[in-house]
Amino acid sequence: MPEPLAPASPPGMLRAAWLIARKDLAIEFRTRTAFFSALVFALLGITIFYFAWDATAVAAVDLAPGVLWVIFTFSGLLGLQRSFGVEQADRAMDALLAAPVERESIYLGKALANLLFVAGVQVVALPAVALFYNVPLGGIVLPLAGLALLAAIGIVAVGTLFSAMAVNTRLAELLLPMLALPFFLPIVMSAAQITARLLAGRPVVEAWPWLRILAAFDIVFVVACTLAFPFTVEE
Amino acid sequence: MPEPLAPASPPGMLRAAWLIARKDLAIEFRTRTAFFSALVFALLGITIFYFAWDATAVAAVDLAPGVLWVIFTFSGLLGLQRSFGVEQADRAMDALLAAPVERESIYLGKALANLLFVAGVQVVALPAVALFYNVPLGGIVLPLAGLALLAAIGIVAVGTLFSAMAVNTRLAELLLPMLALPFFLPIVMSAAQITARLLAGRPVVEAWPWLRILAAFDIVFVVACTLAFPFTVEE
Amino acid sequence: MTAAAPVVQAVGLVRTFGGRRAVDGVSFSLAAGECLALFGPNGAGKTTLLRLLAGLLAPTSGSCEVAGVALRDGVAARGLVGLVSHASMLYAPLTARENVEFAARLHGLAHPAAAAREALDAMRVLDRAESPVRSLSRGLQQRVSIARAIVHGPRLLLCDEPYTGLDEVGSAALSAALAERRAAGAALLVVTHNLGEGLILATHAAIMRGGRFVRFEERGDVDAASYAAGYRDLVTTDA
Amino acid sequence: MTAAAPVVQAVGLVRTFGGRRAVDGVSFSLAAGECLALFGPNGAGKTTLLRLLAGLLAPTSGSCEVAGVALRDGVAARGLVGLVSHASMLYAPLTARENVEFAARLHGLAHPAAAAREALDAMRVLDRAESPVRSLSRGLQQRVSIARAIVHGPRLLLCDEPYTGLDEVGSAALSAALAERRAAGAALLVVTHNLGEGLILATHAAIMRGGRFVRFEERGDVDAASYAAGYRDLVTTDA
Amino acid sequence: MIIEPASPPIRRGFDWLLASGYAAVAALYVRAIWFTPMDALQGAAQKILYVHAASAFVALYLAFGFCMAFPSALYLFLKDEKLDRLAESAAEVGLVFTTVVLVTGPIWAKPIWGAWWTWDARLTLTLFLWFIIAGYLLLRGAVEERGMRARYSAVLALLAGLLIPFIHLSVYLFRTMHPMPIVLKPSAPSMSREMLITFAWGFMAFSLLFAGMLRARYRIATMRDLLADREAAR
């Protein structure tokens, strides 16, 4: 063991965050099927939607944006729930809190891992929706990807904070959606609106006001949640 | 303590099931807010759905059936996840398995508790959808209630079995939807179809084929899952 | 069944976890009133053996019966067994009393409430009966967990390191409870790393290692000191 | 800081849980190389005290400092502390090595892999380094958990019933590790219900009850036998 | 060890504030029903306004704005339990008033708009406020440890404060982009002097009632905490 009287220098905030995120991804990877099943979840969600409506009343292409973003939201919730369940299991979280890293690093690390998870799901959900509702993704793939990223950031920023809170309560699974969903509304709405316009091949400027909301939301809540996080882990 | 050489007579299958269900409900009550949170969850889902869609393209009344049943499915999943998470926490499940009760009682007990939970959500979701989507429930309340019950039975029968299996695996939360959703599909589909016809004020006979599917599904899977359960809990 | 017949009988029990033979051919039997103290290094297979005997694990091969019945078939037979495990097996949101009472009901006791109170009192944790288990200290949880295991007066009591986390009072209460069970004609199997603790009540002593019983004696033939010595070099020399 | 300054200093620590005073005004300090053996009945507040010292709980009132810094503020100061708790604080899906290495990285060690191997070896669990923690027996998990706590060579080592579940080999390894830490100038705080275990290394001994230190002596002034007697009737007589 | 909490301030005396609140509201009903002229267009339905608008004002501004979000934010820095109790009480009482708005609204909407509900910005915002407060109370119910509960709910209240403008903005945008399916939207009804007095009286009465309920609820919170200390200290 290193000489105790010369204690090692703790990692910087971002490095620590990355270590934590990498650890989460390693766990994710060990339980390899986790991601796979998130996908299946999204896919099945999409099919359920597809069959839940009689296509005679509503044109499939009008459903597509809604389906895409509702699925996105709910599968995001699923991923988030796991995030702190892992830490809670054998109180591994305590080890994190007792380690020489800022609370903020823990938040950022967890959020980063969640972001990758949600993004991963989205990468598959997107083409799947296009396929099911035969929506031409033609030229709008890149804008859509960017949109998905913006939305994912917002969802994860809030979701990570709340799953940290939910996990310390008696209602873990039920409480997270309760707290998070109202915060998801502006995201889902804007994202769906933008998507609809993209699919309709309208000029991007039309989606501009929605984009502004989305971007503003991301900035405000990433900052706010990072600052608020330390309050939620102290006991 | 009672005289060991005259061991007490274990409870019958149904009595044991009721004991277990009651225990679950007690935990549910301890976290007094569980039902209330299901309520809020359903309502939130309904609004999120509404704004995810472009209301000019899709009339609210056309969304109603789909929303109703997708909400139903997701909130069902939420309830199911808690169901066996409770048993897993400090391996309380081991105590159940080591107790002098049939595996089937455990299954029935858990299923009963879940059924009450899902039904509770539905009791709120149904009127809420009607209110927010301006759907006249007029004379079809009773048929809808019956429909909801049929669907709930099917979802719970399958969901309880799979959440039991998922608990023994490393990725409970995510595996559950993966396993269960394909089985939910026929339920949600027929339920949505029937609802659509009821709302359209069509004669019930038109919904008959779907009703038959639903009923058959319930019978088949309640029996099948009850029999299959013992195999899912053995290690 | 007659008193002579063994309460628990294991024949050639084997349990593998993906190639690792956690329990590798264990055979023994205990009659009413007998108490086996089971020692062994970490990873020897003690917990796995107990979970097999409790019917929580399916043996890869071999068989074990309680009161002449295989637990997985005989529901009633499960009512004869009590298990204290590494995990508390309690519902954290429920109170100590509710947990023990629930167990009592599952075992179909006539007066669950009374039995629960008795068991909690026996473990000296009655004063915390109304605290949610979640809010109890580790040792107090262990006491409740033991109360849960003895509330129905089991004929076979399986204890996996039951003294863990218990203070003087708790240990005394546990030893008393075990003695009481034995006196009532139950068979006991106690796993522990503390030879002293283990040998007090034992009528038999066994040492497990690499999934097998490497020693199995009558307590009478055992001299504590030399046994301890023997155990030490059994354990310290690598398998 | 100079060697004279205390490694850990607690002043009037109080922590209540909804009105129950788990820790009720504890003050003490340990200098480098000192080792406090902390005894006390179940529910005395030992674990709560350790969690306060580790900065995992916010004190209701009072303060505690490590190397002159309050842990909640001083990130670096947290690097000086090692904690062995009731819970393993390990990630079950990851292997023993990955868990310890992760801790080493969080502490910014230059050679995490090497440090991890060393720590696991010190706890005699290196041969299982590549098994997922989930698949380890309880005692083996405890060893890994201890390895995690000592991998960064803490200046202050807080151990909550660290001997739990350990066999002869494990206990010996732990004692050796503790001695090594002390020799390296670290302060130790060891909670245990086994007076013998506790007093071996101790330079100080304390008995906690109802959230307070009811006794606190230098080890020198303590005669094991009489101390044990004193402890017993302190514990057995109700608070 | 036992702590001896100060004995709870059990007030057996009559709660004049609350009583006068009820009285004022009762008076409001009497005046609104018998002593205020019918609305020309809407008839009796319009009388709901006096309850509806007043309770909405109380819920939105007094309860959530002034008595909940604000103290919660302060709590994170001052860590004073009083602030937490105030927020808790305001949330619970406010939820009641919001529910009144959400009930009277649709009752009013049905005859006027011909639909129970429309997704207009203000309505939706009210609905979501209800959700958030409900979530807030759920969170409180789900955390046992007092300090933690206070911190958590303060954080939630703070974030909710940030969220409201976003919801309002997006819903507003959503609506203006697509003309409402329901056309009959009442411009704030022109009121006779009689009506205005009743309207003003309504705000006064409900504010008084709110003050009374808030104080009562706050006292309950204080007592509950003290009794909890007592209970546990045993």
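A few notes on this one:
Letters A, B, C, D and E mark the chains as written, and numbering starts fresh at 1 in each.
Here is the rule we go by: a contact is a pair of C-beta atoms (placed from the backbone, for glycine too) under 8 Å apart; a residue touches a chain by one contact, two chains touch by 3 or more.
None of the values given here were measured: they were computed from a predicted structure.
Most remote chain with respect to chain C, judged by CA-atom centres, is E. Comparing the chain pairs A-E and B-E, the larger number of C-beta pairs in contact belongs to A-E. The distance from the centre of chain C to the centre of chain E, each centre being the mean of the chain's C-alpha atoms, comes to 57 Å. Per-chain CA centroids place chain B at a distance of 38 Å from chain C. In this assembly, the C-alpha centroid of chain B lies 46 Å from the C-alpha centroid of chain D.
Averaged Cα coordinates give chain A a centre that lies 26 Å from the centre of chain B. In chain C, 93, 132, 135 are the positions where the chain touches two or more neighbouring chains simultaneously.
In chain E, 128, 131, 134-135, 138, 142, 144-145, 170-171, 174 are the positions where the chain touches two or more neighbouring chains simultaneously. In chain B, the residues that touch at least two other chains are 30-31, 33, 37, 40, 44, 47, 51, 54, 170.
The touching residues of chain D, counted against chain C in their complex, run 17, 40-43, 47, 86, 128, 135-140, 143, 161, 164-171, 193, 231-232, 235-236.
The touching residues of chain A, counted against chain B in their complex, run 31, 33-34, 36-38, 40-41, 44-45, 47-49, 51-54, 57-59, 62-63, 65-66, 69-70, 73-74, 78-79, 81-82, 85, 170-175, 177-178, 181-182, 184-185, 188-189, 192-193, 196. Contact residues on chain B toward chain C in their complex (touch as defined above): 1-5, 7-11, 16, 19-20, 23, 26-27, 30-31, 86, 89-92, 94-102, 234-235. Listing the residues of chain E that touch chain B in their complex gives 106, 115-117, 119, 124, 127-128, 131, 134-135, 137-138, 141-142, 170-171, 174, 178, 181.
Listed in rising order, the residues of chain B touching chain E in the complex are 31-33, 36-37, 40, 43-44, 47, 50-51, 54-56, 131-132, 134.
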